[in-house]
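Two complexes follow with chain A in common, the first pairing it with chain B and the second with chain C.
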Partner chain A sequence: MINLLSMAIMMGTPLLFGAIAEVIAERTGVMVTAIEGIFIVGAWAGFVGGYLSGSLAIGFLFAIIAGVIVASLYGWICIYLKQHQVVTGVAINILVLGLSAFLYRVIFGVPTIPLTVNPLAVIPIPLLSSIPVIGEVLFNQNILTYIIYIIAPLSYFMLYKTSLGLTIRSAGENPEAVDVAGINVYKVRFLAVLFAGAMGGIAGAFYSIGFLGLFTTNIIGGRGWIAFAICFLGNWNPKGAIIGTLAFGFAEALAIYMQAKGGNSFFPNELFIAIPYIMTIVLTISRKSFNIPTKLGIPYKKEN
Partner chain B sequence: METAFFELNKISKYFAKVIANKDVSFSIQSGEVLALLGENGAGKSTIMKILYGLYKLDEGKIFKEGKEIKIHSPKDAMGLGISMIQQHFSLVSSHTVTENMILGNVHGVIDKKLLREEIKKLTEFYGFNINPDAYIRDLAVGDQQKVEILKALYQKANLLIMDEPTAVLTPQESENLMKFVREFVAKGNSVIFITHKLKEVMSVADRIIVMRNGMVCGDLKKEETNELDLSKLMIGKDLILANRDLTQKMISKEVRLEIQNVTVQEEAEIPTLKDISLKLHKGEVLGVAGVSGNGQEELCEVISGAILPTSGKIFLDGEDITQKGIREKIDMGIGYVPADRSRDGMVMDMSIAENMILKSSFDKKWQKHGFIDKKILNQYTLKEIDEYSIKAPSPSVVIQDLSGGNQQKVILAREVDNGKKVIIFDQPTRGLDLGAVNHVHQVILNERVKGKSILLVSTELSEIFALSDRIAVLYKGEVQGVFHHDELTTEKIGLLMAGYQVGEES
Partner chain C sequence: MNAKLRDLFVTNIMAIVLGFVASGIMILFLNKNPIDAYYVLLTSILRDQYTFADIFVKATPLMFTALAFAFTYKANLYNIGAQGQFYIGAVIAVAGSLFFENILPSWLTLFVVLILTVLGAGIWGSFIGFVKARYNANEFLVSLMSTYVALAIMNYLLRTVLIEGKGEYPQSDPLNSSVWLPKIISGTRLHIGFVLAVLTCIGIWILLYKTPLGYRIRAVGYNAEAARMSGINSKKIYILAFFISGALAGAAGFTEVNGVQHMLVQGFNADIGTAGIGIAILANGNPIGIIFAAILFGALKVGGTIMGQMSNIPTSIIELMQGFVMVFVILAYFLRTWLDNNREKRKLQKAVLK
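After this line comes the complex of A and B, so read on.
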């Protein structure tokens, strides 16, 4: 059971990176529908950087850069060229999926045994990690888990208690008001998308070099979309995002746990693997009231 | 001569080769109220948006106290003490008053306590009764405007530009606004007031700049002019106002449309219409006055069939039509000119002809062998274009390419035809210029003479007074009373619109 909870926290980590990224960007009014592609490119770049340099830190740096590049393409098309966000995102996701598979082969050929790196190590926090149960679940994790659990509350504080947060929230509610206040709406939105790119890149790399230690083309398998859904389900609030990721992290952990145990005839493995996806659908339908940013998904068009 | 506080010198602005402003020059002194008067599209807002940094000027110079200045963004403008209140407020409705006031004006972590004190001081100083923690969405329009003004004051503006500030206010609220404007300039500040209402100009301005076709065509002191001269300058020709035929004073006894105790309420929410009862006679214009958002739209929609009443009944010529849908009501002869024409009245990307049959496309008269016959349709549309003097080269022109006034004429033509018995006009002249307004008024009066029953919803009191036989006042979804045209004064109606009962002494 402790194993399962600990695994839930770990599997929730990249989802939380993605969900926080999505929350911040969507609060400015831009849905980052390219999040899946950003996850994929992060996983790919993280592995390439990590494998070639032998340093995971460089791997993550690569992932951030790659995530920002994809995000800037998406942001440029959707914010400055004012194109449709869903269509653009879908196109970019398909492009990135193909490109990362292709470039992986260009660099590494088709290896008979999958290439691997040593994934992120667990860093037990002294004293805290020796608390029974809680210590093992919460304070026996890798560095990224600690980082995101610092970022998440900080992002809440930023959104609701600082002028930057006010600007971000206003941009998604009434961009004209932001414009009239002398703040460049495009810049606010673009920077938020780039931030999402960096965070999403890290999230993607978490799967390749943070946890599995290898890259496959279907490594992300829709988890970017799950982060996207968590943002909705969490009501565009970092608090909600944390709760959402814990639930999904648990579902994923359960799937991995059951897989490791071996299936039984009643509940085949595939069913457990499908849990997070089924959960997304069920929760999206059952959620009643949404606090959706008024101008979410609508490009800002300034006259002139 | 005294150096001007702000001076605009030969400013021109082009939108994709269309001239929005040409060689606009005028100045404003400290302690002065300047009215910028002109029809829609005369370039009033454009020139002010240039001064506020929202638009970039193409030619010309701006001076402050004799020194040339460059304004690239609203931030620059604010730095120079300029603040502008947009026609459509730029407030975030899901945020609080405080949050809206400080947007873009504070940095780092927000110190709520300190801000609350500052804002309280400011509101008390100007006698504004606004709770800094209230959410904008919960405030009345007049109060929202106060928040906009507070925002400007918080930025320490000494030139306040207001774009059509009274369009959404009751007469009393407008009066309070004027009082504030006077107090504000008495402190050495300046105000530029964009408007097309002549009365306001005469009551509050020191000096008047009249604009037409993007150019300044008059710069006058208030004492040296009058409403008539101003209107001539503004339109460039004499205007013959449409007026009710006063000989037809008697209202027919025949009731055409009767609304009995109609309530509209969505689940647990506050009812948007509360126990409304109205009678509309043959050949009558029933004006519905009120500040917008007091149930006017619901009233129109409940009659046109877009929404069904929660309780109550509606009769047309004695027949119960309460449960009938939109299409049945069209067939029965109820026409509806909606307030938001681009949202509810037409399909912007479709042609004039297609928009003409938007609500009656199923009618056999357009069809031949089950298909729409383009020839019939085009002939019909051409006839209407001619009759309503719609400025359009052909029936196949996309309606989006017409001016607002001409779009409205298309809808008018269609609804007058649909409305064989009853026509509902919701804000039929909103956003139109004087010439087009006059045309719409003429159409309404003509249909009245033909014996149709007309429900005229408007927030413009002058329009209500000019056209209505009887006037109903709506406040928070309730009818405050129905009066004959002569029973009401502007003051009385203003009180009713603000929710007071007439005759009630305070």
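After this line comes the complex of A and C, so read on.
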């Protein structure tokens, strides 16, 4: 059980990186539908950087840079050129998937044995990790999990208690007012998307070098979309995102645990694999009080 | 030719060319000459009848999945779940064919299977429309997630009920050749499903632009509130639009199973849902345009695969080319709006000067 919970926290980590990134970007009014592509490029760049340099830190740096590059293309098209966000996201996701598979081949050729790196090590926090159950689950994780423990509450504080947060939220609710206050709406939105790119890049790299130690083109397999869904289901609030992430992390850990345990005669493996997706559908249907940013998905057009 | 139509052609052709140029630059990274590579691509798809016909074989399911996206898009709804609806269609097609092939005459089997496939996938799709109408659920998310659920269902069935007689691999038994879709050119893989797909594109165009139902669907897409005021039941439209959309994607399952694969294997055609969206974007959502855009994507797929085998260029080049073309097509949208605005402005200025 402790193993399962600990795995849930680990599998939840990248989802929370992605979900918080999405919350902040969507609060400014931009859906980052390129999130799946950003995860993929992060996984790719993280592996390339980590493998070639031998340092995981450089891998994560690469992942951040790659995520920001993809996000800036997305932001440029959606915010400055005011094109359709869903359509642009789909196009960029296909492009990025092709690019990462292609460039992986360019860099590594066709290796006879799969290339691997040593993934992030677990760092038990002294004292805290010896608390029964809670400590073993929460403080026996890798560094990224500890980082998100800090980022998650900070993002909540930033969004609701600072003037920066007010600007971000206003850009998605009433961009004209932000404009009148002399703040450039486009810039606010663009920077939020870049932030999402950096966070999404780290999240993607978590799968390649944080946990599996290798890269394949189907490594993300819809996890970016799960993060996207968590943002919706968490009511565009970091608090909601944390709760959602715990649920999805647990569902995913359960799927991995059940698969590792081997066949179960009563519940098929496929059911466990499908649980996070079924959960999203059920929650999307049952959730009532949506706090959706008014201008979500609508490009801002400044009057001349 | 009117200026808008001219812009559409010119900008889209530019987008396709730029997409090729950008992919060519990527080919340079492999230390290969992109011009040679494209020469191989072009000559290989024209090298024999079989390969050339394969372009249209590949274009067939893409037309259906592109229509699936374009259809709901006209109602301002997003169906990102065509891949899943396609899987559901494929499962029903293979199960139905295996069940009826020894009971009914072959033409009747095909007919019954087509109806079942379209109905089944349509119902799967209409669930999305239903939760949108009844619970105001976000159809983008629900359709997206429904694909993963459909994939799990297909994998489960292939491992259990539908598994081949030998029980070795998670794949179905091959279909009896009596329930294969008839070929339209012998010596190739081109089957009657292609004709069906083209006719469907034309049919959907007529449905959307020449019938009251199509008018209502577009009205809801243009302004749901205004449509409601004028007495259109937009909730009904949501369900119906998703039913038709799902049925269209499901039909791709029928043509792929009975026309090409003649069996069901795990994870086949895993990219036709997203490619369909790309085609719909390229065609600007127009059903007639989809025919041509799908053929272009089909040619990329066939040519890209052969190019991979002959020049040792990875087949991911296909996705790369598709991705670049799509991004440039979106930029072309921007360019067209800009050109159009400028034209309007000039017209106004002229009018003032007079």
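In the analysis below, the second predicted complex is superposed on the first by the 304 of 304 C-alpha atoms of A that agree within 3 Å, B and C clash if a C-alpha of one lies under 4 Å from a C-alpha of the other, contacts with A are read in each partner's own complex, and residues count from 1 in each chain.
Keep this in mind: a residue touches a chain if its C-beta (ideal position, glycine included) is under 8 Å from a C-beta of that chain, and two chains touch if they have at least 3 such contacts.
These numbers come from a predicted model, not from an experiment.
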Room on chain A for both chain B and chain C (clash or fit) = fit
Which of the two partners, first being chain B and second being chain C, lies in contact with A:Glu173: first, second, both, or neither?
-> first
Is the number of chain A residues in contact higher for chain B or for chain C?
-> C
Identify the partner contact of A:Thr294: answer first if only chain B is touched, second if only chain C is, both if each is, neither if none is.
-> first
Tell me which partner A:Ile285 touches in the superposition: chain B (first), chain C (second), both or neither.
-> second
First (chain B), second (chain C), both or neither: which does A:Ala229 touch?
-> second
Check whether A:Thr162 is in contact with chain B, with chain C, with both or with neither, and answer first, second, both or neither.
-> first
Which partner does A:Phe102 reach: the first (chain B), the second (chain C), both, or neither?
-> second
For the overlay built on chain A, what is the smallest gap between any CA atom of chain B and any CA atom of chain C, in Å?
-> 5
Both partners, chain B and chain C, contact chain A at residues none
Which chain C residues qualify as touching chain A in the complex?
-> 26, 29-30, 78, 80, 131, 135, 137-138, 140-142, 144-146, 148-149, 152-153, 155-156, 159-160, 274-275, 277-278, 281, 314, 316-324, 326-327, 329-331, 333-334
Chain C-touching residues of chain A, taken from the complex the two chains share = 73, 77, 81-84, 86-88, 90-99, 101-103, 105-106, 217, 222, 225, 228-229, 232, 268, 270-271, 273-274, 277-278, 280-281, 284-286
Residue set of chain A touching chain B in the complex reads 161-163, 166-167, 169-170, 173-174, 176-184, 294, 303-304
In the complex, chain B residues that touch chain A | 15, 53-56, 73-78, 84, 86, 88, 90-95, 99-100, 102-110
